[in-house]
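As written, the chain order gives the labels A, B, C, D, E and F, with residue 1 at the start of each chain.
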């Protein structure tokens, strides 16, 4: 019998630092590219946490981690060549087939952008063949919280070549007056999205309140419920539907999610 | 109506100091010579006390006072010519008629000698005509407590001229080894008294225990109860049988005493 | 005994008029019940006080303190020391009427014997007051608790200036004193004269002779364990009359006064000499001293008993020591002694 | 159902012999009453423990904790970090016999469904233990307080290796499991097979469908005022199986271990994310979450109810919050909603 | 099954025995007409285990009562609790529901001057007046009245303790200088008396108004003056800082006592930390400060002229050491 | 008339009402079978004024009884007092004479673990054992037993207070780290618990053995170990120096508690000042010294291994200022 809880020892290939507390780790862990899934990452005595895969690469996967807890702080001591415990990937992935040739609007709040980054990359790298149009709305708390600056710059540049891509980065506030872009909650920028309508496919990912407000706004723009997908972040201890922490009603975020169509998600009251 | 409580103002004629705390005051207060009686002496705010008359003189009376209380301490500030409040004399006197031509034994303890001093003086001054024999046994606590040293010397000297007088002065103890005379309680010297017997007349005066023991010894020497007289000292506030303090059974020491024949005294249990 | 035909009856309202006139000439002192004046909280007390109407008088309850304080004040000035010379204070002494029960009238006889004649000396201060006092008898319909006046033959008296009884809506009075007659209406009615208690609830046998053997008995040791020497028995006793003398400077620092204050043989220092020799230290001995005075020693001197059987000592003793029980015990001892000895 | 003719009876003494042999091959775990082991002083508690004789077993009282701790230990080592490499610990797992009532056997079916197949993953640790367990049925002559197994159809079961009943001076047993038959005598007697409770004292109506409207009801606010989030209901529940994971260095500082520990959705931090966002803070919401899982959410996923009606949550709640009452309230809400809405 | 919080608020206890409660009866001031003993006996025999516990706050606790019998119990004791409270002028509006609150505990009192010679007041009566002033109330408050500084009721361990005292008046002309008061005050109290110029002088700085001098005086030269109360606050036991109540107001009148006790509730309601189930007033004062307490509690009260407010609060006690 | 000292020794009170007494009944540990309520009611109705007072020491006081009825009262209550004392294993040799002594007061106890969830012991039972150990005795001693450091019985105001505690045992393997014990200990007690390496560590220096962690633990990983008592001494109110009892022995066994209480009497008898009517043990210790007290009281006692003797006695309280 397989022991689903036994992690594998994985080497850190590269560390990329976005902000003081948000780094990406490139791991020597090869998995099929399925955007939206997560792995369970741990170190002895630090504990185990679920981390979304923020990038698929020929060398392995990229995990973008925020240093906010006991576990993550241990990861921030890691260097290239160090070992991490990894098991997974777990969970479902974005239903890319549903976006084919459609207008896709991705709304991401804060570090949740990491989980949706592979989807964006996928379309940035080969948009015209796959989508009708791509809108990315990403909001951060303040300019210094912005992640993936290099990537975002690249995405924005790709807009020059492809008029059907729009990337809007906003910050909630800018106390340092250093930001030249938009200021305000992402939800307030939905109205700027071109051609938003009932057939728009939307991915919403981020803090609970941001997701709730964004969905409300989308529905106001007549986006159909079944065209909205959310990605849930929950406390998880196993990743495989056993520990119970991530259960919402009859669903386990780890195995039935983390991505839920809004028709399903709206019933998932904690 | 006479107010028995109103004192007279009396002048101090002379002050004679026997010991640190025992002085005699000669007062300009002329009364009949009746040995054994007392006067009520007071000063404003000091209070009033009964004091035995320790000497009768052509000028007045002598009071010998021990400085032991609130009242007496005030007297010890008096000088010649100062005024004292006096009323009395009160109480009965020694039944001198009963001693006529008899053997008289006077046993005195401490300052009580003062009360019996007039009796001694009377016989010292004219013995042969009045008594068969006079024995004086006077005891003091220690040599430095001896009162009336000059008088005693005079009494002792009178012995030389009159073989029927015997004066024995004892001290209870002599810590300073300064005393050349007898040492011991007076009661122990009764056995030395010559010709003691049932017809001996005895006056016993002094502290209660000394009186009790002396009487026991006298009775052992067959002295008849009716030939023993005691002088009582009691707390007195009026001197005239009203205040109640000196009452013993149906007797008031102030008016029925202070001198009691032993036949009567033995019934007087406090 | 009072003649029925000499009784007078008047209403409460008439009484007010009578009182007003009477009180111009006499201070009227009688039992009064004072709420809140008891020793313990929320208790009353029946006291002797100057009254302002007959209706104020409490006719039916025994007083806590006796009336002796009228004749022998708790603190009485003897004389002042103005200019260091003893000088009597010439307070005008107003005539007084005191309402008393038979036993308390007998108690005044005890005080009279002691202060007026005792030992050949007359007490100036007592005498001065006593001359001004007229006694109004009040009756006891039945004995109070702890009373044994019948045993002491103090239940009846003829020694009164007037007799007064409270009845429904008014008073019945019989005035004997000629001076007083003028103040009261003369409406001879057929009402009963003073009724006296004829039977003690617990008669007490007064021992005839007490010899010194009683002093050695263990009962006094028992009393030493019980008595707390508080002196209340002597304070309330109508015949206890011991006093101390103190020279006191008044608060205004004017001439000092020699005063006499009640003293009590039950209380510390009563018999203490300067130099601290005390003749009665044990409580039992003090109690014996007091008790024998009341029932024997006084009689031996004066021919009649000091105790008048009012029972106030028993009423007041916080330790419930009983005169009655004590006399009973003394009788037992005497009896046992006369049989065995 | 058990066939009467297959029953076996043996005495207490015989039982000792049987037990001794049986226990060479099986750890035998059964209800035991332990005096002094209650939460409150001088109270006892009925627990699941390894026993050393049949006579030790408490057949007639409901256990406080269920037997789930046998299959899902409170703290269970997952693997060690020897040389920093995750490594399963190869403890030999001995075959076990657990004595269970019908409801508790049903509870194991719930755990099986969750751990053996749930979501397509098999729980290694549960499975490893579960394989070694044989279930001995004990019967309930009548429902215990707070039981409602009939309502949840867990009152009866056929899923047991053996059935044992305590009778006067001995035991009656019916062994079905072939392996076990060898250990027991074969003296077929005409005794009754397991009796099952046929009627709940308070039957509970299990709601068929629960929509999101229930979430808004005020009853959860009421429960917030009552529930103290102590977690005892989940601890004693035979089907609650949530766990946390911790890496623990043993006291001897040898290789650390990753362990799983029971967790409870009623207790703080259960649903908290790093960064302190919690999805259920109010006690009433936690209670709702637990309650609906038991009677609805699990069923929706697995096809049968999670709650087995053992009533332990009601037995243990210090606030006397009742599953029964709560379901009753839910039914009312649903009813009202279906009428009005 | 049962709403424990409501049950507790109804003054029933949650017993350690599952499914059982204990009936708690208030006896304000501790004095009870014995006719109620029949009801109490019946309660214990019908619903309980045939025993009663006499509590240290002078109530009854009847143990072993089934929670399922609570309705029957309420009905059974309805009349009694109504009458007992009514005798303190507290009208229970729904006596059939039991006591309306349990936070404010039975106001207890020493035996008081109905029996005790030392007591300066009818403590039971004052306890009943206090009951009328402060009950029902959900805030946890323990009030006790004691008749003299002997404090037999242990008012010092209550949130509010009321110690009855008496101002001893003195009639010099009735004093015979027996020194009974003096000796007693020296031996048993604070030696507040001395003799000066043949009269007794009472030193107000030392006199604790126990009234013993009045009790001892054979002539009643010392006699009862005003009844004055010392109000002490903040006494308690517990697992953090057992401490004795400290003086808040000295020589208060009965009116002030009643008004202060009422006002204490507005202080509590304004400053209590709602988190712990029942923050005791001592802890609230610790947080809010004594000055705030004084300000809040004497608001609107005209103090009697003798009354003296403490400048600071002294609650002697100890802290169990707390790990930091 | 009446020998008050004997009457008082017989546990009757001398009332402020002349000629009256009050019957005082001992209820060791405060628990009473209600069948006695009939007798108490009869006593109050036949001999008293129809009321009873529930005392703070958990006895009954029946006021308004004529001293002259005392013999009848004794006969009337003979059987009851015999039986009640017998239930504490105290055999009254002459129950017809009433209680043989009154100095040692009713041993009182909080409701204890017969009802209360917090109580670590059956306080009534221990009170009854103590009654058997120390009653009758003429020395004035107040002993109270409380089930936990909450001290509802106010043991801190007794001459001897017994505070029941429990040594919490801990089964790490049953601990699910819910932190209920930790949070509670921090909020309500002394924060004696901490987490170290995923287990609860109890700091013996801070733990007051209240047992709350056991009550809070959902899995009973914290469970009841040894029952240990804290013996505190010298608490009292009064007119000189109200003060709280201080710790004498921590973590004593029941045997030690009983032995210590017995030995306290030999200390009292050796060191009491016979002059004041009833010198309390605190004052005796003040005079004799704590070391002498310890020496005398632990004489002949083998302390249980956990027991810790205090090095000094701390009695927090205050002194009424005494005029010098």
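In this text, a residue touches a chain if its C-beta (ideal position, glycine included) is under 8 Å from a C-beta of that chain, and two chains touch if they have at least 3 such contacts.
Bear in mind that the values here come from a model prediction, so they are computed numbers and not experimental data.
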**OP:** Can you give the shortest number of steps from chain A to chain B, where adjacent chains in the path must touch?
**Re:** 4
Original post:
Out of curiosity, which chains are bumping into both chain A and chain D?
Top reply: none
Original post:
Quick one: which pair of chains has the most contacts?
Top reply: E-F
Original post:
When chain E meets its copy chain F, do both sides use mostly the same residue numbers (more than half shared) or mostly different ones?
Top reply: same
Original post:
Computing the C-alpha centre of each chain, which chain sits at the greatest distance from chain C?
Top reply: A
Original post:
Taking each chain's centre as the mean of its CA atoms, how far is chain C from chain D in angstrom?
Top reply: 91
Original post:
Using CA atom averages as chain centres, what separation in Å is found between chain E and chain F?
Top reply: 21
Original post:
Counting in whole Å, what is the centre-to-centre distance of chain C and chain F, each centre being its mean C-alpha position?
Top reply: 50
Original post:
Rounded to the nearest whole Å, what is the centre-to-centre distance of chain D and chain F, using the mean of the C-alpha atoms as each centre?
Top reply: 44
**OP:** Name the residues of chain F that each touch 2 or more other chains.
**Re:** 14, 16, 113, 117, 119
Subject >> Multi-partner residues of chain D (at least 2 other chains) >> reply: 40-41, 244, 246, 249, 263
Subject >> Residue numbers of chain A (touch at least two other chains) >> reply: none
**OP:** Provide the full list of chain pairs in touch.
**Re:** A-D, B-C, C-E, C-F, D-E, D-F, E-F
Original post:
Mind pulling up the chain F residues that touch chain E in the complex?
Top reply: 13-17, 22, 27, 30-35, 37-38, 40-41, 44-45, 50-61, 63, 108, 110-111, 113-117, 119, 124, 148-157, 187-192, 194, 203, 205-206, 208, 210, 212, 237-240, 242-244, 246, 276, 314, 316-318, 320-324
Subject >> chain E residues touching chain C - in the complex, by the definition given at the top >> reply: 113, 117, 119-122, 147, 166, 172-180, 197-198, 211, 214-221, 223-224, 227
Original post:
Along chain D, where are the residues that touch chain E in the complex?
Top reply: 40-41, 43, 145-146, 225-226, 314-315, 317-322, 324-325
Original post:
Which part of chain A faces chain D closely enough to touch in the complex?
Top reply: 1-7, 9, 42, 44-49, 66, 68-72, 83, 85, 207-208, 233-235, 237-238, 240-245, 247, 249-250, 252, 255-256, 267, 269-270
Original post:
Where on chain D does chain A make contact in their complex?
Top reply: 78-79, 81, 84-86, 88, 114-115, 118-125, 127-128, 212, 215, 241-247, 249, 256, 258, 260, 263, 265, 270-275, 277, 279-280, 285, 289, 292-293, 296-298, 300-301
